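Next up, some structures in structure tokens.
There are two complexes below, and they share chain A, which is joined by chain B in the first and by chain C in the second.
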Partner chain A sequence: MATIELVQVEKLFGEMHAVKPMDLTIHDGEFVVLLGPSGCGKTTTLRMISGLEAVTRGRILLNGRDVTWERPSERDIAFVFQFFALYSHMSARQNIAFPLQAQGEAKAVITQRVADVARLLRIEHLLDVRPGALSGGDQQRVALARALVRRPAAFLMDEPLGALDAEFRETMRAEIKRLHIDQHATTVYVTHDQIEAMAMGDRIVVMSAAEVQQVGTPAEVYHNPSSLFVARFIGSPGMNLIQGHYVNGVLHLPPSNRYTVPARWVPAIQQVVGGEGDVILGFRPEAAAVVSDGPLAAEVYAADLHGSYTMLHLSLGPDEIVHSRARRETHYPIGTPVRFDLNPEMVRFFDPQTERAIVREGVPA
Partner chain B sequence: MTSVNTPALPARAERMSQHRRRQMSDRAISQLFIWPTLILLILMNIFPLFYSLYLSFNDYSVIANEPAEWVALENYQEILANQRSRYWHNFIVTGRYAVLSVGLQIVIGFGLAMLLREKFRGSGLITTLILIPMMLSPVVVGLFWKLIFDPSKGIFNYLIYLDPRAGDQWLSNPTLGLWSIVIVDVWMWSPFVMLLVLSGLSAIPDYLYEAAAIDRASAWFQFRRITLPQVMPLLLIAVLFRTIEAFKAFDVVMGLTGGGPGDTTETVAVRLYSEAFLGKFNTGESSALAYIVLIIIIAISNLYIRALNRAREG
Partner chain C sequence: MFGLDIPLPEFWIAYFFVFWVLVGASTTPIIFRHRGQNPLLGALAGIVVGAIAGVIFLLLVVALEPVVDLLGQPMLGALISLIASAAITLALLGFARRFVPGAARDAAAGAAGGPRAPVTYSARVDKVDPNWQSMQSIRASVAVMLAALTLIPVIWMGMTAFKSYPDAVASPPKVAFDPTMEGIITLLTRRRQMTDAQKAEYEATEDLNWADKVMLKSGQAILGQSDYVKRLRNSLIIASTSTVLSVSLGLFSAYAFSRFPIPGKGDLLFFILSTRMLPPVVVTIPIFLMYRELGLYDTHIGLIALYTAFNLSFSVWLLKGFIDEIPKEYEEAALVDGYTRMQAFRRIVMPEAVTGIAATTVFCFIFAWNEYAFALMLTTDKARTAPPHIPSMIGTGLVEWAAIAAGSLFFLIPVVIVTFTLRKYLLRGVTFGAIRQG
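And now, the complex of A and B:
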């Protein structure tokens, strides 16, 4: 069991920042997801925690102990690789036993612990098979078993489901989450899949361009994104974002819509832009509802049925499409003029200059 | 290919069909390519193979101008059962030579490959330089090393003894004679083992070592449990090639010692040569000897191939 602390950790590849100085504290037993598009530095961060990559500056603490310059083998952490990294010339059993054998554990202990972990992951029947003959999901189960068998202080997982078929992903996602709940081991999990991050993480660290954008629970990053990047990246589709012109409590939106800003937001917005200025309005698809007397006018651009709901694409003007989540039965022919309203609890505002969220009392960012 | 060539056809089509008739069928072309090779193969390889098998059961000499006389297994008996013929001595020399030189080549070749595995400034150049001995003609190598081993003017003794004048006469010493051939063979062919091992090492993905580092494996444990088994298939191929070559050892031996002193470095191939040609022209018996060597090489190859398959499957 472990707490992991990153203090101003930074990584440079030559002149290029792979990870800009970041601080992060991961609590004992927590499941933290590093989320971001490829090349954002999330895997580098994970590899620095593991010791596979050296930090350029900063310190890494494991249970309060400075491990910045310790080898991976001295850190008591397990690492699950995206492409499994199983030893291809060994059977599943030998793969799982490897970390115990490397430590010179007694034969009886090894046999017992391999059997235990194989039962936990339901791979007992595959123990004598070589990785090459296993499905992707089973290979990852073996890799997980190899990580678990050592009972390490923390688990680091680098896109462990990235190489799996969609079907296996769902199953393995649930299995890993369940495993975490049962084992209660500190876990750092890297993914570029925001759905995976939302489903699994106790907390999500959203990264972009080598920088931490936001750290928060899945609900926090979903409802209160701290920046335009997070707003767009989280959710499918991402948050609707329309640039408007704010004048004294009213937001002028294209083509000629006027949206009255909820009163409790006015002071925060005025603090940022003054009496008049550009402001970006953000709202999730489920915050917009088509109602006959809604304050905003749009035209139906397209509508697609997603099974349990219908996604309406509403056009406010050229290149200004917003998404609204409607009931399954909803049907409008393309081109229908509609009016819609926004749930005042669920609107957010962003400063187009800084791309940061405008924060008001009571809404943490 | 059948075309109905009637005057009613347009001129263009007629030209086409005439053109086609001048062309050969695919089958004819393939025959044309295959038969010359096949005939050559039959004349140069297959016929001698079976003819020498036949001769190995006969008392025959190519220069005796007498017909072959069927003696059944007498030639084989002479080789395998007659102590005085000293054929066993040749097999023992060959076996010792094969074990020593292949063993040393594996150790040195593997070591060189491990050293050159990490790229550094000039590593490409060094790799190429190390490969040069392999590219030389064995006869030339034999002649050069004969000079190198020369106790009075060679550089070998000068380098390894404090007092070169008190150094051994490598090529004319009964014990060191075989060792000097081993040294030359190792010098020449360790680079070949290195080349194969190097390609095997470069095929091992880095992530296996990362996983092993996470799994807290020591460097020695990583070598034993990851590097060695991953390289094993290629290493076995190197061993197979070198063993077969060692059993055929002829040119370097002839160049260095000619089998001497006495017959202390006389390998099977050298003995075969002297039985078959050097004044003796003992064609029947040497055919039998050649067949015995062939069977041994096939047997060893099969053992290796079996080991290779095991290494691949685990």
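And now, the complex of A and C:
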């Protein structure tokens, strides 16, 4: 298997940066997800790793070997495309055998390996069908089989589930994850779906506007977002972010709420803003709990039942809505005044100037 | 060859009978089958309907004769009769359909829980509906008849090719005639007209073959082969070579235009297209002068180069459209799977673009095959193709219509072969792509 290293890799389309210089090391057997909104450069990054797109500057190393200027065919990497890219004039079997034919494998070996990979993906009964007659999920299985059959050094997947129906997506997500665990192959997976990224990735690379925002495990990017962008992008809904005014250990929030900053955050905040200044308070919906003696006052704006829990929309001011997860049994009519408290372990602070998180030693992930 | 002004031309009556008998025979059995009746009975009914239609037509023509005489428009009567009798027959058909038993039984079967027999043709409810099916078969037979109508000139040409000279120029034209090989032999040979004395002497010689005997009837002796086969061979060589060249060159350049960031791509494509904006005939004289200087006059290479140049713009644009539709992920998948770009092109792009290649081939071949003006101007003998040769047979004096028709008939065959070989690729949407455009 393989380690993939990107050293100051950069891509320009004309004058425009598709990918700003980025460093990334993908370890052997790791499942790394490139996550970001469309147009953030995640697919371009993947295509540069595969060699389908030439890098403008920087180097790409595969197992320590510089492959920056090698052809895609020389890199020993498999690519799974969003729209499968199965050859419509060939049966599933011919599609799967196609990469092996390029290597000039013997007929018997090809037959054997196609059969093996078909069994692994449970598509043995579909081998003689043309791709056009297969369902989306089966097409993707054939595409995966075509990638797997060659036993490449690494797998690159470009939104492989994006073209599938919601029900198939869940199944295929588990299948790909399971396949990764069994095969233990280095995988780079591109998606814009943060739920997919959280569910599948060993590590997530969050990208936005051609830049890497944060690299970390799913728990890290969820609990300790490094920037406002990551805080908003990860989670549904994203992190609650309220701008307040910090004065000596107390955060003044709209309209007239006062939140006492947990003591261990005070030094870090004061280091950034001094004794007084604007600070953004961030917390996940599950960090806020409605309690009768909570320090913060709000009004119920809306309440949606999500089955296992109720999502409360609390309005602090005219434009400040925060989300809070409540027990599903509780019933809150719109307009009810409520008080709520925040779990001191789960609050985070951001500097509104730089949009970066204020960091403190020893934050648990 | 024939006109509507001929009173009650046998041809029209024959045609009308055949038309309605065919419509009936192709429609009514299907209607009968759908309604659970014997299809043979339906075929019989169809023939009867055809006969009735023909009779109505005849009666109408006779009845309208005084009106037509009054107006002095002889063809008007035939036309009105044609349309009116068609309308009356259709109305009769529609009316008679109500009395074909089975509709009630269908409804009963539907209520009882399904069709009587397994439905094997289509599972769609609207297609199982008997009315839909009979409409479908009526539509199909009308389409067949329209096709037959457009084929009349071709069929007439085929008939003329086998007519003797008196039959070919007979008025009113003859539908029934004694077939003879005169026309075809005339086309392929050079002959000499003999006086009666020469004829008697000629007849006495022993070694007369079959063709000689045929020509003897009109008093002609065969001297040798004509140029027609040579012209046809030239046509074949020039048209097929230029087609292969323009399609293959066009395929490569269309691929490049479709896939690579070529500097000035838009301008280049427009330049290629602009070669089509001038009617080719306008440049005949300059090309003639250039060819004479370059030694390309009356050469195969000259015409091949010219036809390739004319077809190239067409083939680049047509093929570019087809290649644009092949997602580039197809080749990219092959590239990461260990193929070079040339291999990916050959193994992925070409099979996926086969529809476009076939369509382009047919169009290019037909253009090169039919081209007349340049072939006339730029060739005399060595490289002369069939299109300028056939009218030259008209010559002076007696026009050998049978020979001309035979020449045109043979001229049709290669195009028919090419088009028929490639016809399954010409229908778009035969192959379903595995790419989902989400």
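Definition applied: the second predicted complex is superposed on the first by the 363 of 365 C-alpha atoms of A that agree within 3 Å, B and C clash if a C-alpha of one lies under 4 Å from a C-alpha of the other, contacts with A are read in each partner's own complex, and residues count from 1 in each chain.
Simple rule for what comes next: a residue touches a chain if its C-beta (ideal position, glycine included) is under 8 Å from a C-beta of that chain, and two chains touch if they have at least 3 such contacts.
Given the structure is predicted, the values throughout are model-derived calculations rather than measurements.
S.K.: Quick check on the chain A-based superposition: chain B and chain C, clash or fit?
M.R.: They clash.
S.K.: In the superposed arrangement, does A:L52 touch chain B (first), chain C (second), both or neither?
M.R.: both
S.K.: A:P160 contacts which: chain B (first), chain C (second), both, neither?
M.R.: The answer is neither, since A:P160 touches no partner chain.
S.K.: Per the contact definition in the header, classify A:F79: touching chain B only (first), chain C only (second), both, or neither.
M.R.: both
S.K.: Report the partner of chain A that touches more of its residues: chain B or chain C.
M.R.: More residues of chain A are touched by C.
S.K.: Quick check for you: in the superposed arrangement, does A:R150 touch first (chain B), second (chain C), both or neither?
M.R.: Touch partners of A:R150: chain B and chain C.
S.K.: Can A:A102 be said to touch chain B (first), chain C (second), both, or neither?
M.R.: A:A102 sits against chain B and chain C alike.
S.K.: Once chain A of both complexes is superposed, is A:S91 in touch with chain B (first), chain C (second), both, or neither?
M.R.: The answer is first: A:S91 touches chain B but not chain C.
S.K.: With chain B in view, single out which of the stretches 40-48, 112-120, 130-138 or 418-426 of chain C clashes with it after superposition.
M.R.: Given the superposition on chain A, chain C and chain B clash at 418-426.
S.K.: Pick out the shared contact residues on chain A: the ones touching chain B in one complex and chain C in the other.
M.R.: Overlap of chain B and chain C footprints on chain A: residues 50-52, 71-73, 77-79, 81, 83, 85-89, 98-99, 102-103, 130, 146, 150.
S.K.: Report the residues of chain A in contact with chain C in the complex, numbered from low to high.
M.R.: My answer: residues 50-52, 71-73, 75, 77-79, 81-89, 98-99, 102-103, 130-134, 136, 139, 146, 150, 156, 162-163.
S.K.: Using the touch definition up top, name the residues of chain A that touch chain B in the complex.
M.R.: 50-52, 71-73, 77-79, 81, 83, 85-91, 98-99, 101-103, 130, 146, 150
S.K.: In their complex, what parts of chain B are in touch with chain A?
M.R.: Its residues touching chain A are 205, 207-208, 210-218, 221, 225-226, 229-230, 314.
S.K.: Which positions of chain C touch chain A when the two form their complex?
M.R.: 327, 329-330, 332-340, 343, 347-348, 351-352, 354, 431-438
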